[in-house]
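Okay, so chain A shows up in both of these, paired with chain B first and chain C after.
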Partner chain A sequence: MARYAMVIDLDRCTGCRACMEACKVENNTPQAHFWMYVFRFEEGEYPNTRVWFMPRPCMHCDNAPCIKVCPVGARYKRPDGLVATDFDRCIGCRYCEVACPYGVNYFNWKKPERNHYIDWTDREAGAVLDPVTNGAVPPYKNPDLEKPYGPERRRIAGGGHLKGVIEKCTFCVHRVERGQQPACVANCPLYALHFGDLDDPGSRVSQLLRRRPHFRLLEEAGTQPRVYYLGGKPPGEESRQIEAVRARV
Partner chain B sequence: MKISRRTFVKGAAAAGGAAVAGRVIPRGLETLVAAQRTTAPAVTEEWVPTTCWIGKQDCGMLARRINGRVVKLEGHPGNPLNRGTLCPKGVAQIIAVYDPHRVKAPLIRTNEKGIPGRWRQATWDEALDLVARRIREVRAKDPKLLVWQKGRSKGKAFYDEAFVKASGATKLHHGAFCSDAGYRACEYTVGMSGVLHPDFRHTRYLLAWGWNATNAGGNQLCWITWPQQLVAARERGLKVVVIDPRLRGAGPFADEWLPIRPGTDLALALALCHELIRQGTVDRDYLARYTNAPYLVAEDGFFLRVNGKEQVWDATQGTARPVDAPGVTPALEGAFTVGGRNVRTAFQVFREHVAQYTPEWAAEVCGVPAEAIRRVARELGEEARIGSSTVIDGVTLPYRPVAIMAYHVSQQELGFQAVRAMLMVMMLLGAVGAVGGQRVDVGGWSVHENFEKLDQIEIKDPPYNIYLKDSKYFPINSNNSAVVARVMLNPDKYGVKDRPEVLIVHMSNPLVAFASQPDLIESYKKFKFVAVIDPWLSETADYFADVVLPAATIEKYEGPSKASDQYVDGVALRLPAMKPLFQSRGDIDIYLDLCEKAGILYGKGGYLDHLNQALKLKAPYLLPLDRKPTVRSIFDRWARSEGISEGVAYFEKHGVKVKGPIPPEKAYGYATHPPFGGVRHRLYGEALLRYRQEMRQRGAAPLYWQDYTPLPTWRRPTMEESPARYDLYLISYKMIEFKQSRSSFIPLLAELAPKQRLDINPQAARQRGIRNGEEVWVESHNALTGETRRVRVPVHYTEAIRPDTVGLPHHYGLWSHPGVREQGPTANALYFTGEGYVANTADQSFHVKVRVYKGEER
Partner chain C sequence: MVTQVQPIPYGVGRFSAALVLVILLLLAVIAGGVYALYTQLTEGLVVTGLRDIGTMGGSAWGLYIAFDVYFVGVSFAGITTAALVRILNLHHLRAVSRMAELLTIISLILAAFSVLPDLGQPLRGIIYLFKYARPQSPFFGTFTMVIAGYLFASLVYFFLDGRRDAALCARRAGRLQWFYRLWASGYRGTAEERERHDRASFWLSLAILPVLVIAHSTLGFVFGLQVGRPGWFSALQAPAFVILAGVSGVGLLIVIAAIVRRVLGAHDRLTPEVFRWLGNMLMVLVAAYLYFMVVDWLTATYAAPSHEARISRAIYFGRYAGVYWTSVAALVAAFVLQFRQFMRQRYELSRIVLAGVLANVAAVGKRMLIVVPSQTHGALLPYPPGTYSPTWVEYGIILGLFGLGTLMYVAFSKIFPIIELPEEGVEG
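After this line comes the complex of A and B, so read on.
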């Protein structure tokens, strides 16, 4: 059984946010939901200014607060380490959203099919698009996301499923189970993101963690994240966010 | 009935409350749910290779197609440009492909121009007939009155070459808004067509000069390719010095930031030249053997010529000899007397010329500490390792691991000379064409025809053409569409007789993308007929198109596109992953039909004939000139001509053909046979002096000839003559989220950065009583005409910019797409063009003095 983790190399990240878009298209998250988010930071005063960037997915914590507070067992930890959300079971109480110190939970306030950027019900366009897309909303809807995954056979992949439930980064469970990398990792133009099995000493993530100093976010919170950062440093009080993406959650 | 959580809970009340929280129920539910999902529908999954449509360099993509529906675009792992990855635009373009607001059918305008358009849909036949008729009419008068304006050409052979040649149209491009001042400088100086980039695999010290590494391209290539090489080089210990008024572009990759005053890059480069000479870190061998540095210059500033031959001072023989005399040992420095004339070597002239450009002097001009300039010069001198060599693929070559990355920084008033001076820094170090050193053309070291052409320009008498080619105004001329706009509004002033009548705009949105917007809008009113080829109703089309022809995006064959990252060469094609949506058509299809209807498709000199040449088709695959081919068959002939026996089917399967590593003989100037293509690099620009004198003689104003100097010479940019209250410099920049002015309506991208903003240093903002996020007026001033322009925009505090500088990104200022809601103005509404705001090569300047204020005070 694998023990998955993600390693993020801050010395390589250019803050392009391609990972945010790759996640979004792969997982069909609705407007304002950014499971992968990239912070753009500025520190210091002119001319001693510093600019750096930090991608932040769900931490898939080993000691996850979100799992403890879920009243219905919708949020659970898989043996491979992924923290999953069964969207059939979720009742939308949002306790996980409150409990998570990383702020990675997103609540579907709207019907997702009406929250995908464009009014896809436009009739004139629909006449042409529907035969091509089979009426899928959004047109790039990923058919892998409706299926159940894992030996537990739960529906835990992708976003934009139901109004009134919470969704978050799944480490692209639907891809991982096929032997692929999460979409953000696979797409990163600078190869700043890595994903793999910590129990395999030859895996990229194991090698990187052996060779380079690393840290995790909010170590003091005791959440035991499965996301490790190489290079750079944790953001502190001196780090100001610039160019924030406004999530209308 | 499908049992969901909700339906179960509705029915569970009877089962008892205790069961709700428990784990007992799920097992039963799962069994029921699992039972419902035993039969899965058959799924066909295909991965279709294609190339990105949205950006500059056609990164390789794979389209994931499930049951005929494209669900995602991913990077093609085999393409050297992007190696399996995509930038945010590439990832997001899928929503643009399916955009219901694409132009769905050819549109014909029903109202007047200069205001938002009202349209009626037409058939392709009607629309193409209309455009073809106008082409025929204007060609019968004079083909030059037909103007073809491109933005991004995704198929040079088909559009820029075959169509332009077959129609005889006047071709306008985007280079003057891009980096062409740099191209002209490098073409003239070393014969390479490009600006400046490093041999990344071996560079150890890089001057990132105005390079927006985290958001934009760099020399010639687009994003992804350069940052990949930068980051790999950093892991090998590359040191990066950032020279830029703004740090944001360099991100975390700056070891040092020299926050230079906008418009003073020439001064800094001259000071670096000064220091390198003063410290003696100069590659004398390179200068003496491969440049015109040893040529003897007479007092009139021209080379001493004997029997038409340039002369050098033979140090051994103590006499002047022809430069190509056998066994000659030229002196690099010195003043001599030859035949009663006082002469100096060009290098001597240069050395004396830069004596005034001390680091202290530059510190005043550039706002960069003298100590830092001195230190960088020292580091350059050390890191260059002058005299050392190394072996690459068995070839021993000079090793000079220092270089500059520069591209769009060339587009400023002094840009031509600034890039010349930057190149001269690298020439002094002997880094040009060396291992780890300065490169110019990603394609390799082959001498461009402009090396001779730019040296032998004959300035003609008027009448001049619409972009003033070979004129006394811009002898070296990058062809600037904004200058064209000025000329169209006042042709008599420039000695232009005929105003063009018909305009075809292809993949371009000049009204937003080009500076300056007001001039362009006014000039477009003068065109009698405008056809726009575009997948969307661009702002240019909205205001001025008579006909809009909807082009497809990725749903077409197009190319061929170069897939070279400077180390590995390849070629790719765009292939359709789906049929064109709505009634859009591939651009090449459009041109074939248009040419047929305009009577220029067939026969000798027709579109097909020129296409044979442009695509370098070989027998037996040449296109017959008497029948219209399918687009796919053209690419099949091209592929076979390239020696790919499977033809276009190869690309339909693989997407990209990797030709292999570029050998040192092609990549390094020193390794070509003969070295540097056998040309002498022009440290001294004699022709520039000749043009200067002739321009003066013909009565051109100083403004046009003052920067035609044989050696780069500092002067205060014209914008500095604006009144003191215009106390800020406006610069502009690109964002990684968007591409030119054709993307900020795309919802997935717009979500990341929905609004325009003005970058301002908090100190500067507070001095003016402006809070972060507050809306302000930004007002620009034309130092020559006194005209002012202003826009309203919210500010964005950042410590990563000089206090005397504000920055606006491009990409905004759209209004046409329904998805765009008050995103804010384009920077091009503030920039001026023409005198004082273009370079001596007609290249556009993206600098202007502005003031920033709240409220209505003026």
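After this line comes the complex of A and C, so read on.
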């Protein structure tokens, strides 16, 4: 069984937020939901300032506070390390959300079909979009997001399924099970994001972690995250967020 | 057999015009709550002021959870009073024991109800919370200890405690005679039976006391075990929940007892002695809670880690200062009111009631301060601070729950004597 992890090279990240965009398209997440979010930080006083960027997916922790508190087992750890959310099981109590120190959970406050960037049900929108997409399947109809995954056959992929449930980064389980990289990793123009198997010494992530110093976010909280950062340092009191996304539903 | 023709005292089965008006008013409030709930069920929780923690800058839990904690807290009063009556033989508190037990049962039902609108999928919640229950989740304790254990134990105690009165009521022919007979379940009032009853309720109340502490602590653990939320992760959470539960519970019991005394004119049973006792109990609990708050303040201002300090600043001087200092003022005022009466040994009903009201204002405020600031200002990653202000839907549903609880209370008091029937005439 693989032991998946993500490695994020902060020295390479330019804060372009292409990963955020890729995630939204791939997973059909509703407005204001950012399963992948890129912090843009500024430190120091003019003229001695420094700007740096930090992508923040779900940390897929080995000791995940969200899994501990879920009263119905909708949030669970897969043997390959992915922290999954079964949207057929979730009762929408949001305990996982308040328990998570990283703020990666997003709740469907309204019906997802009313919260998409384009009204896919609008016929006129279809007339405009069809020539553009060349009749390709739009993300909200991606059949992969509806399928069950893993030996436990639970539906855990994609977002925007139904109102009143929690959704979050899945590490693109529907792509990973096919042997592909998560959408954010595949779309990073600078190879700042890496994804792979820690148990395979030849994998890119294993090599990077062997070679370079790294840290994990909020390690002191004992969550044992599966996302490793290379280069740079964790954000501190001195890190001011600039250009924060403040979208609310 | 004179008792057969005498009507059941304490307003059972009698409806005055004012009472009908009150019931209509309560029904209107409940209807408002139902409408708010309908809006929320069709539109989703977007109609509330709740939003996601993190980039959305919101609070995922709000008024519903705060009042869930409040309602569970209020349930403290019943069992404590009943247990004190039985274990410490405080017989002068007998008159309020049924009122208190009923308060416990109704507030626990309201607590269960106030969780449901918080769920995104309430129907799933009702089934899955049992079907897929996970004991590892602190919520599990809330459902088993509080709803199942605590409510069940309270109902059993309530049943045992009411059998004698039910037997007395059953002597009288009427439409509800079957109900009284069922409740009395063969109670005759023989010496042997009373002795057995006494023993059973003594051991039951002795067993309920630890359950009470555990149940309120469990609710504290829902927050106190979350390492990811500064301001919540604290061992003080559980004991503070127990004490604040007592403050709100005893405070509300005082208010209810005063209303019952006024409406039913039961001055002979609800004597100043009863209120003196309840008032003193409230004073001790408020003092204990103030002590917790001072300890909290010292820890938070002297040497708090930066994330904790941010929340304390928001509570003490920032966005939540209004709620915080109102709660502090209400608690201090309640304590001073009671303490002055205690020192002079002269008690006035209106002052005790005022202290009870103030204690509840503070309890609601403190519950909001426990639930909300750690979410809006407690991010460990550098998200900007969030905001939360409840909408009419949330207020509507909570008011509706209060209406429902009051209606249940009134309805019960109309089918069963809300005060234990007097000793004389028992051996009929």
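The rule we apply is simple: the second predicted complex is superposed on the first by the 224 of 249 C-alpha atoms of A that agree within 3 Å, B and C clash if a C-alpha of one lies under 4 Å from a C-alpha of the other, contacts with A are read in each partner's own complex, and residues count from 1 in each chain.
Note that a residue touches a chain if its C-beta (ideal position, glycine included) is under 8 Å from a C-beta of that chain, and two chains touch if they have at least 3 such contacts.
On a predicted model such as this, the values are computed, not experimentally measured, just so you know.
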Partner chain(s) touched by A:Asn142 [first = chain B, second = chain C, both, neither]: first
Touched partner set for A:Asn187, first chain B, second chain C, both or neither: first
Contacts of A:Asp122 with chain B and chain C, given as first, second, both or neither: first
First (chain B), second (chain C), both or neither touched by A:Gly73: both
First (chain B), second (chain C), both or neither touched by A:Ala32: both
Chain B versus chain C as contact partner of A:Tyr106, first or second or both or neither: second
Which superposed partner A:Arg89 touches (first chain B, second chain C, both, neither): both
Partner chain(s) touched by A:Arg175 [first = chain B, second = chain C, both, neither]: neither
Contacts of A:Arg226 with chain B and chain C, given as first, second, both or neither: neither
Chain C-contacting residues of chain A that also contact chain B: 32, 71-73, 89-91, 245-246
Of chain A, residues touching chain B in the complex: 10-18, 20-22, 24-26, 31-32, 42, 44-47, 49-53, 71-73, 88-91, 117-120, 122, 124-126, 128-129, 132-134, 136, 138-143, 147-148, 153-154, 186-191, 232, 242-243, 245-246
Residue numbers on chain B that touch chain A, as the complex places them: 4-5, 9, 20-21, 23, 26, 30, 33-34, 37, 43, 66-75, 82, 84-88, 90-92, 94-95, 98-101, 104, 213-215, 223-224, 227-228, 231, 234-235, 247-248, 250-252, 257, 259, 578-579, 581-582, 736-737, 747-749, 751-754, 761, 763, 796, 798-803, 819
Interfacial residue positions of chain A with respect to chain C in the complex: 32-34, 37, 39, 41, 56, 65, 68-74, 89-95, 97-111, 163-166, 217-218, 221-223, 235, 237, 239-241, 244-249
Of all residues in chain C, those that touch chain A in their complex: 43-46, 50-58, 60-61, 115, 118-122, 124-125, 128-129, 131-134, 136-140, 143, 226-229, 306, 375, 379-384
